[in-house]
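Both complexes below contain subunit A, partnered by subunit B and then by subunit C.
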Partner chain A sequence: MSASVLIGYFDSEEKVLDATRAVREAGYALHDVYTPYAVHGMDDAMGLRPSRLTWVCFGAGLTGAAAALSLQYYTSVVSWPLNVGGKPFNSFPAFIPVSFELTVLFAALTTVAAFLIRAKLFPGNKRVALPRVTDDRFAIAVEPREAPADMAAAEDVLRRHGAVEMARVEVAS
Partner chain B sequence: MSSHVHEVPPAGSSGGFEVSPAVRRAAMVAAVVGLGTLGVGLALYPARALSSLLTSGFLFLCLGLGGAVFLALMYVANAGWFTVFKRIPEAFASYVPWGAVPLLVLVPFASKLYLWARPGIMETDHLLHKKAAFLNVPFFAIRMVLMLALWAGFTWVLRRNSLKQDTERTEALTKRNVATSAVFLVLFGLTFCLAAFDWLMSLEPHWFSTIYALYNFAGLLSSSVCAITVAAILLHRAGALPQLNTSHLHDLGKLMFGFATLWAYLWFSQFLLIWYANIPEETAYFIPRMHGGWAVPFYLNLVLNWALPFVLLLPRPAKRNPAHLLRVAAVLLAGRWLDLHLMVAPSNMPDGAGLGMYELAGIVGVGGLFTLAVTRAVRSAPMIPAGDPYLVESLHHHT
Partner chain C sequence: MSNQHLSPLRVPLVSEARTLGQLTEEICAPMERPPTWKWWAAFAIAVSILGTGAGIVAYQVGTGIGVWGLNKTVGWAFDITNFVFWVGIGHAGTLISAILFLFRQKWRTSINRAAEAMTLFAVMCAALFPVIHMGRPWLAFWVLPYPNTRGSLWVNFRSPLLWDVFAISTYFTVSAVFWYVGLIPDLATVRDRAKAGIRKAVFKVLSLGWTGSHRTWSRYETVYLLLAGLATPLVLSVHTIVSMDFATSVIPGWHTTIFPPYFVAGAVFSGFAMVLTLMIITRVVLGYEHLITIRHLENMTKVIIVTGGIVSLAYGTEVFIAWYSGNEYERYAFLNRAFGPYAWAYWTMVTCNVVSPHLFWFKKIRTSPAAIFVLSLVINVGMWFERFVIIVTSLHRDFLPSSWSMYTPTAVEVGTFIGTFGLFFTLFLLFVRVLPIISIGEVKSVLGFAREPGEVPADSGTRKPAHSAPEPLPAAQGSMAAPALAMATRKDVPV
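Presenting the complex of A and B:
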């Protein structure tokens, strides 16, 4: 499936923020906004909901901690108890460093993986590369409604907010 | 919290914020009553009163020093986000000479607090006899005076340069403070280690831990960021700091979260190695603290200083909510007191000592002194450092 989006290019952070708000206020759906660096206030301007990635991270961290603690408990208390320096088999303080490491490892790897999957950044997924958005251009991708007049109106909104260039691109939706 | 940008005050508006006279009167009464009660305690229960004075004296001195360390860290990092509320850490730093007093009072009473200072102990205790060249009252007093003078000097210079910038409006003063901060941070790192070893660790003169000073440094950072946050929110509510926005609070919240975790990391690093090696000369520190009357405070310490703040500050909105930050900061500051109480009090009171009259007198008395010094500094200088080149960046701070 593919859709036609309208791309407006801007040459400054302030203009792209204003234009993003204006596009949404005019009732168009934003496909996405592409910027060379993280622009403060863009989440608000795009009306993005708070990221759910934090919950993935939290859940993965808890899973890591639980996995590490249960593995250590099982190996040193249930499966093969060893007397080490007269310490109790369930030596909780000694389990903490490993649990900490596994918590961080699970949380980090899962979060990165979840982000890549959610953003569809994996091999085989063809993405449109917009020229110059990794350099000095800011781009807004608008999903205009079908009518040709509507396209013209969307272009007008972008132009009024200082778009230096516009293009129509087919993207995978 | 307002998000719009406020006008920068014009040059020459030199007056500070008029803190309500009720607050100043209450601080004065607290200081007199608290320190007076400790004075009585000094005659009746010297070990307990001195433990309380050391705990609270060190806690508030660390808040003052923490203000200076916070400023110095921001200067050397060329940070601009904090400039709006930089008068708060500066006001804290102005407490350092005041905070020297409760600690200097300890010197003539050292024999009632420190085992190594007891008359006759050096003749009977071979281990202490070996340390006598370092652990003796005159040298202890000299080290204390030199360290306090060094810190008071540096904190005075940092604040003076910043206040001078309000009228002179030159970038050169910022550069001078960057250089001063770099020197201060190096000297402070070394002298603070010495202070933690001298004033706190020498309470257990047979015992030693090389990570002890670092662990205390984490407590200093965590508690002073909390105190800065509390002061910023209260001043904002009183109308003195309308420019403080949610992003400033968010970053302070992140620092609270991070330093609480650093504290837990260092606390655990000290505990795990001693617990694991299980050598009597090292475990002697933890055994009285983990059993009997000290067991509950021992575990509560971990809850207040790390577990609770970690969970409470984890969500993003939590770090942006002033009422919530005030609560978490209160938990962490209470935790910092308990942490110091656990370092100090068991040495002379191995059977346990709760939050009694003398402990409260220490907190209230020295806390009153701290409040007096801070309100005095807030009143004497404009809240907004109008000449700071980073001010505009700070007014627009956005996370």
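Presenting the complex of A and C:
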């Protein structure tokens, strides 16, 4: 089944923020907002919850630290202990630099990978951006109910908040 | 952006009024027009230096590093100096992109992309030196801890040289990822501007299907913040670990606990000087004076004053501690630096690094691109000599006077060093041609900084869109914004 989505185009971040708030207050389902740059305050306007990627980052960092310490412990104590001037095999302070680097490496790579997966960004992606939203237009995609009156009311909300152009698009839902 | 809470004293970050569309056009323009003869000339010079350098590297790898001027007393000299020099330069990019981001220094937006690129290229140049130094670079993978048929003979995790391997490779990887994540939205902008053809196809793949969706932007901002938080301690750790190559040894002049902060400050000092060198040329050549403004240059010179001060303090502390320690080897190492056979290198270093940054106290010098350019070169010369002085003067007269000797670089060593400049500038020149060198998305987000909402001109519909896609239906009352805010179309603006 396909749904009809109403797209309103705006030319400034102030207007798109106002319009987004208005659309939500009017009770329409907000499909998404498309902007050429990260508009601050939009998270609140759209009612988005904070991303959970921070937890992925934390977990990956812990994994990296654990992996680095186990690798160093295994190679220096279990697999081939080398007696260097009677120093302890498990020379923990000397293991800190490598552990730190691997913590950062795991955390950074995993976070970015998780982000790309969650945002469905990958090479060969068939998605196409709306006209000019990567340049100088801000677009709100609203999902009003099918009734024509409802559609007209949604258009009216967008227009009152300064939409410069509008379009109706059928999207697979 | 919540700019309404700004003090009225704030100065706009983009010094001339621009619409969002004009910014896109200006920043993308250099990639979309054919290169000028000046670019070709610069590129030809860079590539020929790179080619010569590659030939010299091939020669020394084929012959063995006996072609260097090293001897049994001075076992580290030019090669390691150059390694530390390039790694140091590579610190500014991540500092600008990560640390200034965490400190909410919005002026960073127009220089971070180029500075990060510079970081990557500098780290590539740096990584070449230890690999060549191995003598048998095809066995470079031996520095990695992998199960092997030699009994599983592991690498020594207690060695600072191995820490270096992890630090530099992590730094390069994370910086590259950080840079690429920052590029994705701009790659999409370039994709959407491109007409059909190979450019469109390439950028379509590179931009990973970015649509500008705010749900994605929201996560993107989180990821960017996390990466900045990770890169900040990382950048400090890298030169700390590089300094431990020296500080954990027992050589007088190396064996000091102040090395980590001293090296990190020195790295930032030289890195900012290199960013200034490149940005001063780039902003003029590409006409970005209103994006990379005098204020950006001035801010960077202020960072140089601070880091230069830390470096000077470290020089003073070293000399004081050498005297105060009562250790005669330590004392001699510093007397020998200042008055021995390499005194000329020491005093070059002091003049360039301690004296010259103080010229930046004068507002006239801070705001003159020509003066900053000259001083940035002076500082980089000084920082190269710092590493040379630390490495060579500490080694050439060691504990036993019978083994004292002198070191002079050979043509092969000098040629390798010059060759890395060829690599660096070749990569940088390619970068300014094929990617947007200013972060379009980030500059757009600060366009309204310290400007009234209405002051940012909006061009509505008057401009012919660069897209092939048809315009959406005009709104029934689309005239609301259009005539009142319409301003000169972009054809009137030189781009």
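By our rule, the second predicted complex is superposed on the first by the 161 of 173 C-alpha atoms of A that agree within 3 Å, B and C clash if a C-alpha of one lies under 4 Å from a C-alpha of the other, contacts with A are read in each partner's own complex, and residues count from 1 in each chain.
Here, a residue touches a chain if its C-beta (ideal position, glycine included) is under 8 Å from a C-beta of that chain, and two chains touch if they have at least 3 such contacts.
Only a predicted model underlies this, so the values are computations on that prediction, with no experimental measurement involved.
Once subunit A is used to superpose the two complexes, subunit B occupies space that clashes with subunit C. Of the two partner chains placed by superposition, subunit B and subunit C are both touched by A:T54. Contact comparison for subunit A: of subunit B and subunit C, C touches the greater number of residues. In the superposition on chain A, contact is made by A:R127 with subunit C only, not with subunit B. In the superposed model, A:H40 makes contact with both subunit B and subunit C. In the superposition on chain A, A:G85 contacts subunit B only, with no contact to subunit C. Clashing C-alpha atoms with subunit C appear in a single stretch of subunit B, chosen from 332-340, 350-358 or 386-394: 386-394. On subunit A, the patch touched by subunit B and the patch touched by subunit C overlap at residues 40-41, 50, 54, 87, 94, 97.
Within the complex formed with subunit C, the subunit A residues making contact are 7-9, 11-15, 32-43, 46, 48, 50-51, 53-54, 57, 61, 71-72, 75-76, 79-80, 82, 84, 87, 91, 94-95, 97-98, 100-102, 104-105, 107-109, 111-112, 115-116, 118-136, 155, 158-159, 162-168. Those residues of subunit B that touch subunit A in the shared complex are 268, 271-272, 275-276, 278, 314-316, 398-399.
Across the complex, subunit A is touched by residues 1-2, 19-21, 24, 145, 151-158, 160, 162-163, 166-167, 170, 173-174, 177-178, 181, 184-185, 188-189, 191-193, 204-206, 208-223, 226-227, 230-231, 233-234, 237, 241, 244, 440-442, 444-445, 448, 453, 456, 458-461, 465-467, 469-478, 480-482, 485 of subunit C.
Across the complex, subunit A meets subunit B through its residues 40-41, 50, 54, 58, 85, 87, 93-94, 96-97.
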